[in-house]
Amino acid sequence: MAFTLKSYALAALALVAVSWPAQAQDTINIGVSEPLTGAVAASGNYVVQGAKIAEDEINAAGGVLGKKIKLIIEDNKSNPKEAVATAEKLIVGDKVPVMMGAWSSTYTLAVMPKLMEYGVPMVVETSSSGKITTSGNPWIFRISPTSEMEAKSFGTKVGQFGIKKADFLVVNNDWGRGAAKEFAKMLKGKGIEVGVIETMDAKATDLSAQLAKVKASGGDTLFITSGVEQITLVLKQAKEQQVKHKVITTGGSSSPNQLISQAGAAANGSNHLLFFAPWFPETAPNPEVAKKFVAEWKKRDLNFAGLTEGFRGYDGIKTIVAGIKAAGKADPKAIQKALWGVKVKGVNGNIAFIKQGPAGKESAQNVPNVYIVTIKDGKVSKL
Amino acid sequence: MNRRLIEFGVVLFFASVPFWLGNLYYLHILITTGIFIIAAMSLNLLLGYTGQLSLGHVAFFGIGAYTSALISIGFDLELTDTYTFVFEPKPVWFSFLCGIAFAAICGWLIGKISFKVRGAYFVIVTISFAEVVRLVALNWIDLTEGPMALNNIPPFTLGIPGLWELTFFKKEPNYWLVLALCVVSFVIVRRLVQSRAGRAMIALRENESLATSVGVDVTKYLVLATVISAGMAGAAGGLYTHYIRIVDPDVFLFIYTVTMVIMVITGGKGTLLGPIVGGLIFGILPEALRGLAGPEVQWVIYGILMILVVYFLPGGIVPALSNWWRQREDNQSTSSPGDAAPGTAS
Amino acid sequence: MARKPTQQIVLTVDQLTIRFGGLTAVDSMTFDVHEGEVLSLIGPNGAGKTTAFNAITGYLKPSSGNIAYQGTSLVGLKPNQIAELGVVRTFQKTSVFGGETAFHNVLMGLHRQLKQKPWQIIFGLPSVAAEERAMRNKAREVLEFVGLGARANELGNALPYGEQRLLEVAIALAARPSLLLLDEPVSGMNPSETSSFMKLLGEIRKLGITVLLVEHDMKMVMGVSDRVVVLNYGSIIANGSPAEIQKNPDVIRAYLGERHRKTQAKSKGKKRA
Amino acid sequence: MDQLLQHILNALILGGTYALLGIGLTLIFGIMRVVNFTHGELYTFGAYMMFMFVMPLQTNFFLALILAVVLGMALGAIIEVVLLKPLRGADIDTTMLIMIGAWIAMQNMEQFVWSGIAKSIDNPFPVEPLVIGAISVSWIRIFVFVVACALIVGTSALIRWTKLGKAMRATFQDTETAALMGIRINSVYIATFAIGSGLAAAAGALLGPIFVVYPTMGDLAALKSFAIVILGGLGSVGGAAIGGFILAMMEELGAGYISSGYRDAMGFLLIIVILLFRPTGLFAQKERIG
């Protein structure tokens, strides 16, 4: 039986031998949880590239509170549970005072209880589900628009599209379902008929069955909400199956340039709701910020198609750093308090937070700008 | 008794970990490792003792997790247009037991069905079962929230309702809870394999026709092993769900079964300590290697490691070490007949 | 001293026929086994002896005919159910639990004699521990009985061939048979091992166990059997005492004359289920 | 009605590649008694090779397809020689564990080399689909279907009429006797594994340009191959071919008329139902369990 002891002792030794790299305290760490692999990896990587531009820019200007900032980037693998694991690691392991993440609404919603539990604020850069800011989590600071905001903004221009009957093909998660719900509500409010609402798994690549149903529904417009990878597939397969609907994508993750390069002619005629239009930075509320960001992106030889996502990371980190500066210390509670008062000139526009959700534990929501672009003959043009 | 004392000491040592470890993140790793060790122990009962390569084991883990989560947060199901079945939230300890029970029932059902076939067929049936369960969890959105995941699952609570209650928000109580269930699982498996039932399972693994010739009922014992194994895996799933407090359909991914298989094979299938040693290695190694290699590279290493273990150490680490130890002991004294524990290397 | 066999019939094999596809392995076989006797089933390779064994113990489904043990039909029962009735067999090809010690091999054989239930085991009731202790003693006794007492801690597949065959018998005995079917138990044993096995068989008879034996070793068959049934090409050609069989001209022609040549040509038709 | 026709057409075209996957797997199982868990990775490998040749290297599309298949066969032969050859005579569970280890290692290597981001592959076919009345199909899919059918027919012909095919069939029937008759079993095994792998790589290389290429794409493909093979009976080439088409039809119709979410569940439900009622598959002639 002495053997029993021995193996346990060995295991214990292994445990003790796991030593953590000592953390240097001359930097302020910012946790980032993004999907770097998996179904929506492309978008996550673009966001991180944008965030890195902000990091370098801030550090080149001397950092914040006399210290450099350091992004600790974790891959949430396009999965809500992994998103929780990254939050756990960033907050408990790396002791970051503030986070940015987690791209999809589903991942963000998954992370939110951890923010409550440990009391760490998170800037939400992409997620659009209404639930995020209405569930009473005071650690949430969202700079991206909700699906409702996006639908409302689109509603002012819906007349230009002449829609009679709309169908939906959305990714099967909080983001897609939320978008379908809000847009359908808005359209019905305008007297437009809503046909089929089809969902697709985030990992699905063969969408022929859903498209056959959309085709059979007899609508004239198809709203698509998903990541750019899946939108590419939908456009290609819709073309193959002769689905004649006019296409409108929502959610701002459609990267029109990537669609043009990967879906080719199938992308022609499609319309896209975006939160940054890098082809026309002069139209942004802060043209100098937008132009500088686009220039830096190009200088780094990054994929132009990623700009429509990359700005989110840039704006998010800028917002966080403004919060840290206003707080005067890298403390979660202080940053949370300070973020309420920040005014940031971002790529999308001027970032400032309004209150949303149940009284006493409101979440913070920014009111961003929405753009619509159209792909014509392989080129992006303003609507 | 010397042996009892050592075992007690080992448990005491592990129980003392939160007092001196000092880093909550390490504790978090230990908790998830412990949960996987329970799952690996349950798989070992099937894979190691009955010799059935069940590659759908994660289904029971996930069923336990989902059942316990749903019962603790409540759910409603629109059964017909006019009638909606509303299930009120129940206390966590109760939901946890329900998770175990439901996983065990599923184990019974699957055992009854899949032991009609063996070998490659059995393996594929078990994989298919896990995959079907995953797709149900993904698509039955009314019940499971599908890819949106079940969120805000309550943590464990302990105490007398109304008088005194302790909610397991913190890491330490969760750690002790997992440790306690590890010990319970270990004791159950040990009692089982050192009894009539366990010997019947081992006999089936060693020589099925000989086993039946002395009266061992094949189906009965394979199903019994599956039921107990599924219940234990369900318990691990319940622990997981109330600790992590979120569960999504990816909990059913094949890779988690593979993780358990690697733990059992490397540690030593059909040994009591194998899953513990394998579980500790593969629970802690990813964290230890994190600075050195990305997750992909790590998984490449684990895959190759598994191949090497099957080639060069087919029994796993524990039997190899125990043989080495026994040979040393044999040089000093000879043991009396019949004292070695059956089918174990401890 | 062996107990006298009674005229009480325990096993009835009636018109047993087994076909594999077009091949008839056993054709209308009919014989009885009496309580307490040693009955040998002999015949050249491929005569259908092992096939008949497999049918009696439930490893093969008969194509037609009936098998009954103490009035209960065995047809359609599973091997473990037949074992529960007290009919226990050994296998032609050496068959032990190779990865376990000899002691545990016998413990596994004791399966039928234990009463503990799974829930009692899980809760660790004292009755389980008491039963385990009793069974461990019993296992040692059985090992001593077959003469493997000193080998208790050796792994099954590490034992020499002759001792593996003894271990098989020990496992079968542990299952407390009332009818023991031995399939070529001494094949591959040397003459001195064979003669000590014959002594062991005598001891087994003393326990009141009826024995049905398939064996090629004629010295052994003639030495231990009360009666002998001779098979050729699936049919019974003779049935009687060893002395009668040795004089039977059919047997001499069909079987003994050919035997030598047949055993040279390696086993064909030793098909098992 | 139009929708039904479209579904049937889609299923027919998908079925061709499913059949390729199934035949590859069933050949390896039937002849070598190995459950090849790397099958999905060879499929992924074929797709990535196609991507590599067509996109960064700008190789001709059709040449790239041939190269992808050949490289898939080579990789299969390497796996056979390195991993399986030392394990001749080992039980089926041992080889399964080895193959699972190889699968994990290969998949993560792909992830490491190509990153987790999905890739798409250009094809030289016209974008405008072929329209027949109310239904339509793209030219690339027609091409894929034709190539898949050609490969199925080619493989069957190889098994039926060539010397290698005879050796394979003999080994399938009885390895020992085949060896006694002078068939070099090792060569047959290597050839079998290479052909099976080549077919998986071909399926990946063909579907890659239709869908997208990503590191875990092989998981579902492997699981579906299992379903196809069980459906057709382990070891039955004809059964696997028919099984591929049946599975595709069930998926497409299930997705179209029941729920698109359960599309991938069809195969697994089918496995469970078949094994309950006819464990040897629909088309197996011989009883072969275990």
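When the chains are written out, they are named A, B, C and D in that same order, and each has its own residue count from 1.
Basically, a residue touches a chain if its C-beta (ideal position, glycine included) is under 8 Å from a C-beta of that chain, and two chains touch if they have at least 3 such contacts.
Not measured: the values here are computed from a predicted model.
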item	value
Chain B and chain A - chains in contact with each	D
Chain whose Cα mean lies nearest the overall Cα mean	B
Comparison of B-D and A-D (more C-beta pairs in contact)	B-D
Chain A and chain D, separation of their C-alpha mean positions in angstrom	37
Mean-CA-position distance for chain D and chain C (Å)	49
Whole-Å gap between the CA centroids of chain B and chain D	33
Separation of chain A from chain C, taking each centre as the mean of its C-alpha atoms, in whole Å	74
Where chain D touches two or more other chains, by residue	111, 261
Of all residues in chain B, the ones touching two or more other chains	138, 146, 295
Junction residues of chain C - those touching two or more other chains	none
Inter-chain touch pairs (all)	A-B, A-D, B-C, B-D
Chain C to chain B touching residues, read off their complex	57, 59, 78-81, 83-84, 88-91, 95-101, 103-104, 107-109, 111-112, 114, 116, 118, 121-122, 124, 128, 132, 136, 139-140, 149, 152-153, 156, 171-172, 174-175
For the chain B and chain D complex, residues of the former touching the latter	51, 53, 113-114, 116-121, 123-125, 127-129, 131-132, 135-136, 138-139, 146, 254-255, 258, 261-262, 265, 294-300, 302-307, 310-311, 314
In the complex, chain A residues that touch chain D	36-39, 41-42, 45, 77, 172, 198-201, 204-206, 208-210, 212-213, 215-216, 229, 232-233, 239-242, 262, 264-266
Interfacial residue positions of chain B with respect to chain C in the complex	187-188, 191-192, 194-200, 202-203, 206-207, 209-218, 224, 228, 335, 337-338, 340, 342-343
Complex contacts: residues of chain D adjacent to chain B	29, 33, 35, 83, 86-87, 92-94, 96-98, 100-109, 111-112, 219, 223, 226-227, 230, 234, 259, 261-262, 264-265, 267-269, 271-272, 275-276, 279, 289-290
